[in-house]
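Have a look at the structure that comes next, please.
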Amino acid sequence: MRLDTRFKWLPAPILSILLFLVWLLLNNSVSAGHIVLAVILAIVIPLATSPFRTKQPLIIKPGLAIRHLLLVLYDIVTANVQVAILILGPTKKLTPGFIKVPLDLTHSMPITILASTVSLTPGTVSAEVLPWTETFIEGQDSEQRFLLIHVLDLKDEQALINTIKQRYEAPLMEIFQC
Amino acid sequence: MTEWIISILLLVGGSFVLVGSIGLVKMPDFFMRLHGPTKATTLGMAALLTAAMIFFSTTQAGLSVKEILISLFLLLTAPISAYMMIKSAIHHKLESIERTSGKDNIEDDI
Amino acid sequence: MIQHLTSFPVLLPMLAAVILLMPPCGKSIAIRRVASVVLSIITFLASLALLLKVQVDGTQVYAIGDWSAPFGIVLVADPLSTLLACLTALLGIVCVLYACAGDDDKGSFFHPLVHFLVLGVNGAFLTGDAFNLFVFFEVLLIASYSLLMHGGDKKNTRAALQYVIMNLVGSAVFLIALGILYGVLGTLNMADMAQKVALLQGDDVYLAKIGGLLLLVVFALKGALLPLHLWLPNTYATAMPIVAALFAIMTKVGVYSMMRVYTLIFGDEAGELSHMAQSWLWWLALATIAMGTIGVIASKDLRKLAANLVIVSVGTLVALVAVQTVEASSAAIYYLVHSTLVTAALFILADLIGRQRGNVADRITAGPPLTQPRLLGVCFLIAGIAVIGMPPLSGFIGKVWLLKATLNAEYTFVFWPLYLLASLAILIGVSKAGSTVFWHHQVQATENIGQERVHPAQLVALIILISGAPLMSFFAGPLSEYAIDAATQLHDFNHNIKVILSGGQ
Amino acid sequence: MLETVILIVFAMIGLSLLLNIWRLLVGPSVPDRILALDTMYINSIALIILYGMSMGTALYYEAALLIAMLGFVSTVAVCKYLLRGDIIE
Amino acid sequence: MELLYASCVGILVSCGVFLILRSRTFPVVLGLTMLSYAVNLFLFSSGRLSLNKAAVLGTSPQYADPLPQALVLTAIVIGFAMTAFVVILAIRGRADLGSDHVDGLVLDKNSDKNNDKNKKGKV
Amino acid sequence: MTLLWIPLLSLLGSIISSMTGKLTRNQSTGLTMLMPIIALLMTISLAPAVFSGEVIRRTISWIPLLGIDIAFRLDGLALLFVFMILGIGILVIFYARYYLSSKDSMPKLYAYLMLFMTAMLGIVMSNNIIQLWFFWELTSISSFLLISYWWHKAEARKGAIMALAITGGGGLALLAGLLLLGNIVGSYNLDIILESKDIIQAHAWYEVTLILVLLGAFTKSAQFPFHFWLPHAMAAPTPVSAYLHSATMVKAGIFLLARFYPALAGTDLWFILVSLTGLTTLLFGAYVALFKHDLKGLLAYSTISHLGLITLLLGLDTQLAAVAAIFHIINHATFKASLFMATGIIDHETGTRDMRKLNGMWRFMPYTATLAMVAAAAMAGVPLLNGFLSKEMFFAETLHQQLLGSMSWLIPVLATVAGALAVAYSARFIHDVFFNGDPIDLPRQPSEPPRYMRVPIEILVALCLVVGIFPNFIVDDILKAASFAVIGGYVPEFKVALWHGFNLPLLMSAIAVTGGVLLYTQRRYLYQYHASLPNLDAKKAFDSSIYVVTKWCQRKICAIENGSLQRYLILMFVVVLFFAGWPLFEMSQLGGQKQLTPIDVHNAIGASLLMIGAISTVIWYRTRMISLLMISVVGLMVSVAFTRFSAPDLALTQLTVEVVTIVLLMLALFFLPQRSPKESSSIRVLRDLGISAGLGIVVSSICYALITRPLESISDFFLANAKTGGGGTNVVNVILVDFRGFDTLGEICVLGIAALGISKLLVNLPLIMPSHDSEGRPWAKERYPILLASISQSLLPLALMVSFYIFLRGHNLPGGGFIAGLVTAIAFILQYIAHGSNWIAERLTINYRKIIASGIIIALFTGVGSWFFGRPFMTTWFDYFDIPFIGEIELASALIFDVGVYFTVVGATLMILASLGQLTTNAPKEGVKI
């Protein structure tokens, strides 16, 4: 796990890349002018906003990250169909439930990514990060954290927990090397 | 051909959006209602935006991909909105339907 | 630089306000005070210079952004608007100076807000564009809201709340009126509007009429014309007196706007809509005078008294506006300047008197003797004589002039008796108030808690205002020439249109 | 064909919006209403995108973008209010 | 469409005015907000309604009237500033006067009596 | 030139005497007297010319455009009055030197007296009627100051106010009359007016004018029923009374009658009004005087009576009556002034003026008594004294008049009765004070006054005697000159003489004297009768009527300005409803000729959402949280409507503003109660519904009428020039930053001021922060949910980039500094919500006030920049540059202006929200019940 980049002027490389792309996307243009501007912005904005970011683990394995992203997107698409079916189907048959997924992740950003993934994938919505403490201390794992999830149609609790942990949490831990 | 693709994407997107809203109306408790809008609508939007992207790329000069950005924002924010809403629902001690399992997993007073 | 003079009365206060927000003025109160006074004097001098330029070169039209009317916004500096800009700047000096004695430190941003208020008022006076008028109205209103709460206690929170809400509704009405007028006339420059109004046909006439009448509502609210005057007494009486003194000019903005709108846009040349608001203005003005007079008699403290005198002066002015003759307008111009200075002086006096009377403050009851009875007594006498309209001060000339000007108006037989009775009531009310405050002492007036002497800065401010009355009387000759000149130009429709739409050539 | 499809989708979105407002009106709880409003924001994006497509102009794109960004902020603010009362603490 | 538009404006005006006439600050603030929506729509419509004619040069053969749009923009901003002020003033009023009544107190039938009470309370 | 100096000198005297505070009393008196003495000498030097029939004039231009000049004239009438004013004035000043106690401020009295003298001189010498009024009112003011000289006494204050109220009221009537007069004649010049008798009397306004002028004269000269102020003015020091009520103040009214006699007299209306008023006053005053126990009271009513006499004379339709009137003016001035002074001595020496206590003064001050008795005899009309002569003339003229037709005999009879009453009260004055046994309970032991205090009385009494014995020798010239001025042109032959032989007037005099003595001796019965009359106290009536009026006004004001905002608003809405609604009914057809746009389904749905949102906001307005959600729907739909109707910029602005507003309202909701109580009655709700429905209908009708009509506007210009002249293709934005950039400058000022004002409002704000929500739930403990915190951090750079994007494209495509600013602000607000204000404060140390100021400065200086190119403020500049590799870019000053806008918006928005947020963070949270 690494929290700082090698370059002071590039505190958040992924963010900078994202910003670079976003600028080009916004302007629908890859003209030289916009590329120059995009580069400048991609450097200036992260620097300017760096006080407003708490240190988070860097992505160590970008390739894996992209693969994971695609996987999540795929899951979103396929599983949403299922939700649509659940919604359109008879509601009486649904068996909703709350489950707690134990977390191995200890930093807020990876947890956020995991929670978002869970929320976007079918049948589950992240509800809480438990237990609640006065201040969330990044990287601290002395106390076991859980993710409280509401499931629209809960069939097998343990299976779902395993799926989440293996399918979504494990790759994240690998991406961030934590 | 592109017209077909656009049409299909539009219809799919529209359907998902509609399904999300149906879920909002149809589901018996707040926690179940949350699922439709959070997911189906987001996906529906993505489909619609893709349709728009193709539409503008073909009808107007040059590629138009900025619609991706809206999808990106939605993907970023929808889970957090859902999270905040479910938090406030728990705080408000909203009743979930009886057959909901694992209610004891909810911790009080957060 | 001289060719940009027209914009100075507007731009200088804005600059002043922002300078006062920035270091070093933002930090040190001493620097802020000096800077504020100096800047307000500069604004006044610039306004005065503009006035002289207008006297020499005639009406100045300044096209902001080099976009001439009717497309861009133009500032129109004619004798009337520059006179009022000068008056505003003068009040600005007085206000800033007076507050330097310590009032400015009772809340934040006093000095910048005063300059912002002057900006708004001057903008409203000088602009030739209807929507820009709205913008400056809002500038002066928002500044006034903030100033109203300056150094405020619980009492004026309520007044401020009501004042703000009333004016927000007023602004909504203003926008609707502008929407209608634009929707019918397709233009925003007031001179251009005037031209277009004359060409209206069919049902469009009535739509424009609604627009015009709604503007009347707005101006009546700002000017405190019956029945929209109700906010004023409380607002002015609870505001810090120096702020109320500055506010003396704000009702005049309403009156001024009526003058502009109902002599230019809906004036002689407006065809079917010509003078459409005249009879409304007339009767409302009379009712306002009556109401203000009742208020004067009923006033239990000096600030309320001054506030009600403001209402009477508004009624009087609007009655003159309603007559819509050059003579009446010139009387109105003279009276406007006079009444602004005098009522402002009365607010200040109420404050100074109140400070020297301990708990009794400015209530019109027996109280402890003042620390400086002679100084304040003489000032009150002067202000009182001026406001009553007795010789030898400016009020008497105003009174003679306005009676003379209304002599041949319709329904003079209502106005004259009413006005004369009101004058009598004011005479009794003010003399009773003065006699009670200065001469009627409590038997056991031993404790003098709130006694403080007049600060030199306050004195200078007071003298500036008070000296207006004798000076305006002494120089009534040239002033009357000026007023008549200003009024003549105000009513010279074709000349105005030509000048404004051709950019002052 | 596209025009017809757009019209159909318009109808779908319109229907969604009506469903949303129905939920907004009947509640029953405040979070329910917030959810309804949040959904409405997102459905409005769809509406605006469709307007853009039906008129063939991309001028309204930014409006959609801003709703996506800002609708979130108001939802968060309202939820924070329910949770803590004080939203900026 | 024009009729529908005008009706919407009318409804907004009605609702706004009704809320403004309530006795507590919060509904009044809502009413003012509502009224400003109505006014903005009204002012906007003074350039007439037009579909797909955004006043961006080169995007369509005909353009909507850009002037009212600019005016409404100004009006929105000013309205926002005013709303912000009145909201804070309402908070201030509640804190100062102990009530969120627009008159700062709950008025009885007899206003005279009440004024006196009010005074006593403040001295 | 000399003419001007006469009033000027006395004004100078006023100023000089006010500065003599440090000098001794004698020096002060001497200096004060100097000026009027010089003036008197000047007047004397002018007298021969006037006697020879010349009218001396002097005019200085003052307000020529209003016809108001400084114009003086000296004719016979004026000369007579100038002599009286200066002469008696000098004597009074001298007398006051001894009268005032050491506690009283002498400079003050002298300054007021001299001011008063100036005013009187001004009245009598005016040749411009507005100037006349000027001095007329000046007498009211200066007499107010004089009467209230002893302001610590309640009766002095009240007397002064009463005098001011009555004479001031009369003054207003006079002003009206004079203005009408001036309008009839076409000039305010007295010369012209006096020559325009025929025009005036033929004019339709004559009656009104006459009545108004007479009102002025009658109030000033204390004619019945306006007399009552005069006795109360006796609260003034006696020198003041001696001056005001003998020769000056009250005579001003008489002077006015005499002055306008040539122009206004001669009609039946004049004769009836003037003579009957005079007659009533004559009788009334004489009657009341008899019963006054206060010496000054007696003199006051006697003054009223004598003024009535003079008025009656001026109202008689014979020319000699006017001559008699003028003669009596002189005589009354002399004997009344001396009587007042004598009273002052008695008061001064004994400490009382009550005739019931004062008895037998002859023994203590025989010399003063003699003087007083002579003067009183003159007042009674005893032969060998001046009073006798003018009374003879008066009796004679009452016999010559034909005023009341067949009832004309009544006047001489009543005049004789009045004469008898005068004799009776004069007798009482003499007998009750100087004889009639021993004094009772005098506060002081009486003795003769200081020698010089008697000098003025001696002079005046001597005059009474000399005039009474040698009338031709002393007053002939001046009387003729004055009469000439009053009657105008031909003055009938008259002969003032002591002896006219046995005739009817002599008989009347005899009857009066006998009757008077009889009355006095039998006064017991008269007193009993008088005591049985209802006691009408004018002062009480005046006070109580003022009280009643004041209370009435206070009640009305309380009832109208009841502090209820709802009432004020309803009034405004009703006015709007009326003004906007009424012309609608005049329209022949509401809809216009424009082609209507068809309705489509989704628009209908949007509109219905908007309406539902609005209506539900109203329905749920008590549950504030829900109504807030409902109004958000409206805001959203308004933005959608803007996109639908081709206004992308508006949609963007509306959306961003909407979010900030919601955040703001959420903040407000925390500090305000969560629910509105139910307090409006159903009738009230019904009324409100009616008004709001009415307004809705009216506004939508207007809206419909507008948008169904074709429009020709100036906008084509903007469309045509946006690119070429403004350098941008987004016309709305070009209007905002260029064509109408001035509006935007004002708008950012509004925003900045609002932020300043808000932070001002928040200073020392005693907050009430609930510890739980409206349903009693305590707040959640988690302040900053971690998921929200981390996603907000990620959104900030994105949002900033979007805001930069929106900013940059604004000139050419929808966007601009304002929207960009709001987006930036909202991105930061999200940080505030997610992390709290302390967290931000640690990381962002910029002062928002400075950001606002810099924003405005940038915008302002961008505008000013164009001055350096010789262009007006805010003239924009733009150009296209071809930069290698990057391509063509546009640089425009409007962009810099927009930067200013951006900064102001960011600064203001954050200042508003953050300062409120900061406040709660620092305040302790307490449980306060709501």
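Labels for the chains are A, B, C, D, E and F, by order of writing; each one numbers its residues from 1.
We take it that contacts are C-beta pairs under 8 Å (C-beta built on N, C-alpha and C of every residue); 3 or more make two chains touch, one makes a residue touch a chain.
Everything numeric in this text was worked out from a predicted model, so none of it was measured.
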*asked:* Touching both chain B and chain F, which chains are there?
replied: A, D
*Touch-network distance, chain C to chain E, counted in steps*: 1
*Using CA atom means as chain centres, which chain is nearest the centre of all the protein shown?*
C
_Most distant chain from chain D, judged by the mean position of its C-alpha atoms_ = F
*asked:* Using the stated contact rule, I'd like to know whether A-F or A-B comes out ahead in C-beta pair count.
replied: A-B
*Most remote chain relative to chain B, going by C-alpha centroids?*
F
_Using mean CA coordinates as chain centres, what's the gap between chain C and chain D in Å?_
48
*Go ahead and note the Å separation of the Cα centroids belonging to chain E and chain F.*
38
*So how far apart, in whole Å, are chain C and chain F when each is placed at the average of its C-alpha atoms?*
16
*Could you grab the centroid distance between chain B and chain D? Build each centroid from C-alpha atoms only and quote it in angstrom.*
10
*Residues of chain A touching 2+ other chains?*
22, 26-27, 112, 115-116, 126, 132
*Could you say which residues in chain B touch two or more other chains, in rising order?*
15, 20, 22, 34, 42, 64, 66, 69, 73, 76-80, 83-84, 86-87, 91-92, 110
*Find every residue in chain E that makes contact with two or more other chains and list them.*
20, 25, 38, 40, 42, 45-48, 51-52, 54, 56, 67, 71, 74, 78-79, 81-82, 85, 89-90, 92, 96, 102-103
_Interchain pairs in contact, sorted by label_ = A-B, A-F, B-D, B-F, C-E, C-F, D-E, D-F, E-F
*Residues of chain B touching chain D in their complex?*
3, 6-7, 10-11, 13-15, 17-18, 20-22, 24-25, 30, 33-34, 37, 41-42, 44-45, 48-49, 51-52, 55-56, 59-60, 64, 66-67, 69-70, 73-74, 77-78, 80-81, 84-89, 91-92, 94
*Mind pulling up the chain D residues that touch chain E in the complex?*
55-57, 59
*Can you check the complex and tell me which residues of chain E touch chain F?*
1-27, 29-30, 33-34, 37-38, 40-42, 44-58, 63-67, 69-74, 76-85, 87-92, 94-96, 100, 102-103, 106-107, 111-112, 115
_chain E contact footprint on chain F (complex, rising order)_ = 555, 558-559, 562-566, 569-570, 573, 594, 596-599, 603-604, 607, 610-611, 614-615, 617-618, 621, 624, 627-628, 631, 634-635, 638, 641-642, 644-650, 653-654, 657, 660-661, 664-665, 667-669, 671-673, 676-677, 679-680, 688-689, 691-693, 695-697, 699-701, 703-704, 706-708, 710-711, 713-715, 718-719, 722-723, 729-732, 735-736, 739-740, 743-744, 747, 750-751, 753-755, 757-758, 761-762, 765-768, 812-814, 818, 908, 912, 916
*Name, in rising order, each residue of chain D that touches chain B in their complex.*
1-2, 5-6, 8-9, 12-13, 15-17, 19-20, 22-23, 29-32, 34-36, 38-39, 42-43, 45-46, 49-50, 52-53, 56, 58, 61, 64-65, 68-69, 71-72, 75-76, 79-80, 82-83
